[in-house]
Every structure is written in structure tokens, then in C-alpha cells.
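Take a look at the structure set out below.
Labels for the chains are A, B, C and D, by order of writing; each one numbers its residues from 1.
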Amino acid sequence: MTDADAPPARYDDLRALFINCTLKRSPELSHTEGLMRRSMALMQTQGVDVDLVRLVDHQVAPGVYPDMREHGWEVDEWPELWPLVAQADIVVLGTPLWLGDVSSQLRLLIERLYGHSGDTNDKGQYVFYGKVGGVIVTGNEDGVKHAAMSTLYSLQHIGFTIPPAADAGWIGEVGPGPSYLDEGSGGPENDFTNRNTTFMTWNLLHQARALDDAGGIPAFGNVRSQWNDGERWGYDANPEYR
Amino acid sequence: MTDADAPPARYDDLRALFINCTLKRSPELSHTEGLMRRSMALMQTQGVDVDLVRLVDHQVAPGVYPDMREHGWEVDEWPELWPLVAQADIVVLGTPLWLGDVSSQLRLLIERLYGHSGDTNDKGQYVFYGKVGGVIVTGNEDGVKHAAMSTLYSLQHIGFTIPPAADAGWIGEVGPGPSYLDEGSGGPENDFTNRNTTFMTWNLLHQARALDDAGGIPAFGNVRSQWNDGERWGYDANPEYR
Amino acid sequence: MTDADAPPARYDDLRALFINCTLKRSPELSHTEGLMRRSMALMQTQGVDVDLVRLVDHQVAPGVYPDMREHGWEVDEWPELWPLVAQADIVVLGTPLWLGDVSSQLRLLIERLYGHSGDTNDKGQYVFYGKVGGVIVTGNEDGVKHAAMSTLYSLQHIGFTIPPAADAGWIGEVGPGPSYLDEGSGGPENDFTNRNTTFMTWNLLHQARALDDAGGIPAFGNVRSQWNDGERWGYDANPEYR
Amino acid sequence: MTDADAPPARYDDLRALFINCTLKRSPELSHTEGLMRRSMALMQTQGVDVDLVRLVDHQVAPGVYPDMREHGWEVDEWPELWPLVAQADIVVLGTPLWLGDVSSQLRLLIERLYGHSGDTNDKGQYVFYGKVGGVIVTGNEDGVKHAAMSTLYSLQHIGFTIPPAADAGWIGEVGPGPSYLDEGSGGPENDFTNRNTTFMTWNLLHQARALDDAGGIPAFGNVRSQWNDGERWGYDANPEYR
């Protein structure tokens, strides 16, 4: 197969962070990571600097503050992980499915990201503005879309931009069965999953490229401190239509 | 309050479509529309061409095809509404809450949008690529975020781009109580709701501006027909990492 | 296979109502109905009086009142369907999946059931107290559990009792593929789906038997009018623990 | 107010377990616990033996096995907590809300409960059969119903019975604001929350009383080992209706 078209841009100045929210510590095999690595590999063909973190390998304390050691926990490795998020242009979360929903590690991560929702970038916007988010889900049964709903919602709510089709995943037929990387699962060969993973990955790249080229999102109409100071950017805060 | 900064661009070439999924037909008062109109008004200050559709005013047949008259329904007004979606740069869905979830009209709309998921734009991408989506929710009790999750998920999955904080809403304290436009509800004065509505509206405008200026999303890595023809855009469809 | 044990009771005085929330009108084939009929057939072997309604065959108006003709709609067939709900001991809702969520017909039904949340039984309890609820979901892709969550939540919230494992469903491997009744889908032979459908059906029967024998749920601690009159049934409405 | 009617039964042989899934360790104030204690207090007036566990006070390892020390974790206190679940007739989970969803501690708990889904009781049923479940949610913004959906779904799916209205919660008006126990929150005085908490508590008691009196759920149609041996209890596993 020849590809008539070259990529429309270079991406080798971008950074992507993949966070695997499996319940299994390294070096246990994570099926979710199996699918994540395929998106990572595609980004790497374009020169993107890609990091992978398996959250459960780290002692991350529960809580909604940037450093839980300041709130009574002796150990909290989140402050060491945060710089990877802070510098990433693209963040992709991966989760397995349990009872049709995301893992506890995914929720832990969302809580810790939310803990930075008071941080701002140099334009005064929430710190996640200008970043792009996606999600990868695997299980052997059901729940890809539900897990994606909750995860992508959280990401966009705190400031990420979500490009089209930013969710990819694999599950087998309903009921117990092989997991993604298991011999004969059909996962790695699944055309639907492969196509979605490809489209997601390229859409993340396109959106990150656009945001990076534009210097992020215009800081007009979305700066909290200015709102607090009374700026309304044309919004009529006292309409009389009732 | 004077605004030191002018908007970073003009938006008067953009079209926005607001679809109100209330269960109440015109001219009954829709509280959800009350909040939607505030976002609409802000867009109109920027010259955006804004349409509002109340879905329940139209006889839209249930189904997942573009024209249900071809599938046994005598009446289906969806084909008359579809051009408004097709030409919109921004689509904002509004829904009331019932038992903590979206209205049946919202689901009906999602099904009809999904019915166009086989349509493509002139680049060969899914027809919703290049459009921007948001959601507005009101109720008197609970469920704004859940309704937003499901709605924004559906929009991004079929091709919309979701900018940061693309969900705004209002609910009162838990339990029955006044609705948004009711006297004394506190809704129209709610600072949190007003801020979120403002940020959402501007972020929709910024994203639509960027996509319009760029001629949409690059058609690389996301064209279904090319995938079907064997193109993989660098994705390794046969990895050997197991 | 011989069954050593006889059923622990008779069930031939019970009534069950199955409501199919497919988007397809009769006589179109509904895959969801295919699975629903298997639960129905099992109930019928026990002499249960079973009704099946396909909601989309009826002109049910959107809204949250018992009769929408009193609220501006010329036609509303819900009042003709309501007696089937009112007399049922067991109600099982069936839904297909679109974008990982329930159908618009399912939401329409929930809204109409909710419209009766002010009705009370002869003990003064909400009218759904003493009834038992379950859900059946089919699709070709993903979302059984998410659809079950939302549906069972709504049912229990308005007064249904939910026995163990009251959700059954079938989906194929992720991505487009055959639907439940399609030749070669694997659905009708799926051991997991068959087992879940069987367990669900029997658990619905056991719970309905128990509630019927007991004359419903004791009317103590759950009668709205008594609460409004000041009764608290031992609940300390003014604790001083702060 | 005098109560003309005495409770319909005694409950002093029942055991209830409340598990608080707050992110805050003791002795930090948990608002969720504030509401949970009101349901607990009502049960205690009836002589129920009530336990309260704050999950985050314990070192519970992530995973889906009964004892994660057998799967590589040095510490796992779950095996010490499990007997409290095993002996409980009623289990009520409490969770705060973050971004409209349950806490990571709640998901951790669900995963650990799920880890026992292979355990059986002395009738051969899944070990949660015969237990009754409920949920209590607090936050200052939004998400009570969504959190209840996911939680009650998981409980019923693994074997709990869910009585009517088994979800109670409190949130303030949309946006940041006081939490449940904060001075002036309005939470402890909220009539809707108090009524729901009361109804939930009594419905849990009624259902637990009924199941306890009946010796649990009949072991007919729901025993996995018998299904595996070929028993079908009247279910037609090979229908010919296509």
C-alpha cells in the first residue's frame, strides 16, 4: 500500500503522556497497555516524545490537593508525576473495566488532576487549557463507551480539548473471555479497534499541532481571575427576558 | 467594567445551532431555553448567525436513518432540520433532567445524528468533523454532569470537537424546587452558572474560529474509505510485541 | 437433564409486563425482543400471565404527566398502557443500544412512569412499591451495563424492588457485527447471556412471590403523606452532632 | 408527634455495615459520614448491630482477588474487613462526589467486592445473595443520582437486593458552596434529604427482615454450579423461534 499523502505537519516538538490505570503493578502484563502501546507507537513514528506511566506502580495518595503530604499523608508520589502532565501536549488515559466502569486508579488520577484545577497557565487560564485528551479502554466484556464518557467528560471539564473520536477500545463478546493480549482474543487483529485507535491518535496529533501552533486557546472569555474582577466579555449577566 | 481587550477575532461568518430537547412544546416556557438563550445572546453580540430549534415542536420519527419516511414512517420532519445541522459550525444541545438523566428528546436527537454517521464531508471525513459541540442542562435537582457526559460523549464520538468546559448548567439544591426561570430560583443570578456559560460560549467560538480558519481537520489518518482501501497512516496493524 | 428440585412455589397468580423500547415498529424484527421472549417463555412455563408491549407501536406523547392530553397533546395512548403497568407484579424493560446508552423510547417510558410518582397505592406508598423490576439489553457493540445502570436506577428510585442480577443482555465483540437474532451471531447460544437471563427471570419471580405473599412492603417509614404530617418513624430530624 | 403505629417487626437480630468511601482519613471530618450517621442512628433505634468502616483508614490494595497479598502486595487489610461484609445483612456505601462521579475509594471497594464474586453461600448462590444494599452520597454540587446509579448497579449485579428508593443524598445549589456538615449549608435540615434517608433506611430494614425470615432467596434458578452441570430450570436454551 502506498500512501499518496504525507502527514500535513511535523509533530516532533510535541510531548504525549499515556497514563495506564490498570490495577496490576509492573511487570504484570496489562492488556490495556497492550492497546495503549499501539497508539504510542504511531505517535513515535512521527517523532513525538512519548511517556508512559503506570499509576499503580507509584504511591499516589488519595485526595484533591496537589501534594497530599501537606494534608497528612507521609508518602505521595504524585508531585513527581505532575511535571509529566504539566509539560504534555497530549494526555491519554487508559483503563480496564470492572463492572462496566473505570478502575479505581482512573478515578484516583482524575481526583489528582482535579486537585490542580486552581492552577493557571501564563495566560491566567486553567492549567489544562491547550492540552488535548483521549482515552483507551479494554475489558473482556462491556463498558468501553461508559468508561470513555466519564473520563472524557472529566478531562474536558477541567480544560482539555477533546478532538473527534478520542476514544478507542476493545472488548470481546459479552461475558468472560480472553483479554486483549491473550492468544486468540481477536483483539490485536480487530479492524474496528485498530481503525478507532488510528483515528484517535491522528486526531489527537492534529488538535495538538493546531493548539501548539496557535499558542494555545485565546485568553478571552475564559480567564477566571478576570471574571472575578467583573469582566464579562459581552455576556449579559442581568437579562430582563422573564 | 471596561474590557481592555478586544476579542481576538471576528466570528460573524460562523453559524451556531442550538437544539432544545425540552419535553414541552412551544409556546410553553422552557427553563432550559432560558439558559440556552444567554449563550445565544453572547454569540449574537459577535455577529454569529444563531438558530434555535425546539425538537419537540417537530414530528421527528424515531430511528437511525436520515429519512425515516423511507423506513415506514408517514411523517418525519428530521430531513427538514438536518440542513441546519449540516451548515452549523457550532451545535449546542440543551436538555432538562429527569431522574438524573437526559430527556427522551435528547436521545431521539442523538439517534438521528447518529443516523448520519455514514455521511462524509468533501474530504471524505465523517460529516461532523470540523464542527464544535457543547451542552446546556437545567433541572431543579441533580444530574447536570451526568447529562453532559452522555451528550458530549456522543457528539465527540461521531466527529465533533469538544473545547474545554463545554458544559454549562443550573440546578437548585437537592430536591424539588423552583426551576431556572422561576421567580426567586437564583438561577439567572448564579455566578457559577453564568461563568460556566460564558466560558463555554467563548471556548466554542475560539474552537470554531480555529477550525474554520484551518479549513477543518486535516484529512490524514481519519478517512474511512482510505482505511477500507488499506491505508494505515503509519499505524502498525500487525505488531509482534506479544 | 432432570431437575431434582421442583420450584419452591407457584407463580401462576402473578402478572408480568415486558416493555420493549426498540425504535422499530411491528412487525419489524426486534433483536431485543428476541431475548426478552426467552425470559417471557420461562415465566410462562410457571403460569405467569405475561404481557408484551412494544412502546413505539403506540402514540405515546412526551411529558411527565399521567395523561398528556390534559397538557396540550391531541393524542396520547399512555393512559391505555398504564393499567398494564399498574396491575403488573413484575416489569421488565428492554432496550437496544445506541452510542452506548438506552434508546429514546426507554427514556420516554421512564418519563411517563415518573409521571405517576405522585400516585399512591392503598397503603399510601408510592404506586410502584411492591413491584419488581428488571432490564434486558441487546446491541452489537457495547453498553449493556451502562444501559442497565440508568434503567434499574430509575426503577428503584420510583419504588420498584430490584432483585439480584436483574440485568441480562447480549452484545457481540466490539464494533459493528450481527445483532442478536441474526444468523451466526452467537447470541442465542451464548452461555453467559442464557445464564444471566435465567437467573434474572427466577430472581424476579422469587422477589415477586415474596412481595405478593407479604402483601407488599410494610407501610412503615415510607409513606409520604405521613411524613408530610410530621411522622418521622424514629429518624432524628434535629441531631446535634456537629 | 406520636406514632400511632409500631414497627411491623423487630430488627435487633440484623447487622448493618456502613462503608464510608471518603478520601479523607480519620479523624478528618467527613461530610458524607455526617449523613450516613443519621441512617445508622435510625437503625440503632431498632436495635440493629451497626458497623462503620472508613475505607481510606485501611491499607486496602487495589485488585480483584480476595487477598492481594497472594498477588504480590505486601500489605492488604481487605481480608480483615471482609468478615464485616460477609456477616452483614445490610450494606450501605457512602461516597463524596468528584466531577460528578463516585470516589476512587468507592471504586476500590467495588473491585474488592467483585473479587468475591466467585464465593458462594451454603446454598451455592453467589455470596451476596440475601444481602440488601443502599447508597448515600454527598457533595456540594451535582452527581447524587449518577453516583447512585453506578453503585447500586454494581451491588445488584453481584447479588444484593435493592429495595425501593435505596439512594439518599445531599448537594447544594450548583457550583462550589458549603458541604453537608458546614454551618449554614442547609443540609441537615433539608426535608427532601431527610425524607429520602428515612425511607431508604426503613426500606433496607423491611427487605432485610423479609430475606432473613425467609432464609434468603430460594436457591432455584440461580445456582451457578447447577447451571454448569446442565440444569436449566425450565429455560429453553435452544428455542426455534427464528
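General remarks:
As a convention for this text, contacts are C-beta pairs under 8 Å (C-beta built on N, C-alpha and C of every residue); 3 or more make two chains touch, one makes a residue touch a chain.
Model, not experiment: these values are computed from the prediction.
By the residue-number overlap criterion, the interface of chain C with chain D counts as same, with over half of its numbers used by both chains.
When chain centres are set by their Cα atoms, the one at the greatest distance from chain C is A. Annotation: 36 Å between the Cα-based centres of chain B and chain D. The distance from the centre of chain C to the centre of chain D, each centre being the mean of the chain's C-alpha atoms, comes to 22 Å. In terms of their C-alpha centroids, the spacing between chain B and chain C amounts to 31 Å. Among the residues of chain A, those in touch with two or more other chains are 99-101, 145, 148-150, 153, 157-158.
Taken chain by chain, the contacts link every pair, so each chain touches all the others. For chain D in complex with chain B, the residues that touch the partner chain are 99-101, 142-146, 148-149, 169-176, 186, 190-193. Here chain A touches chain D in the complex through residues 23-25, 28, 56, 62-64, 72, 98-108, 110-111, 114, 150, 153-154, 157-158, going by the rule given at the top. Contacts from chain B toward chain A in the complex involve residues 1, 3, 5, 7-9, 34, 37-38, 41-42, 45-46, 126, 128-129, 145, 148-150, 152-153, 156-167, 181, 183, 188, 194-195, 197-199, 201-203, 205-207, 210, 214, 217-218, 220-222, 224, 227, 229-237, 239, 241-242.
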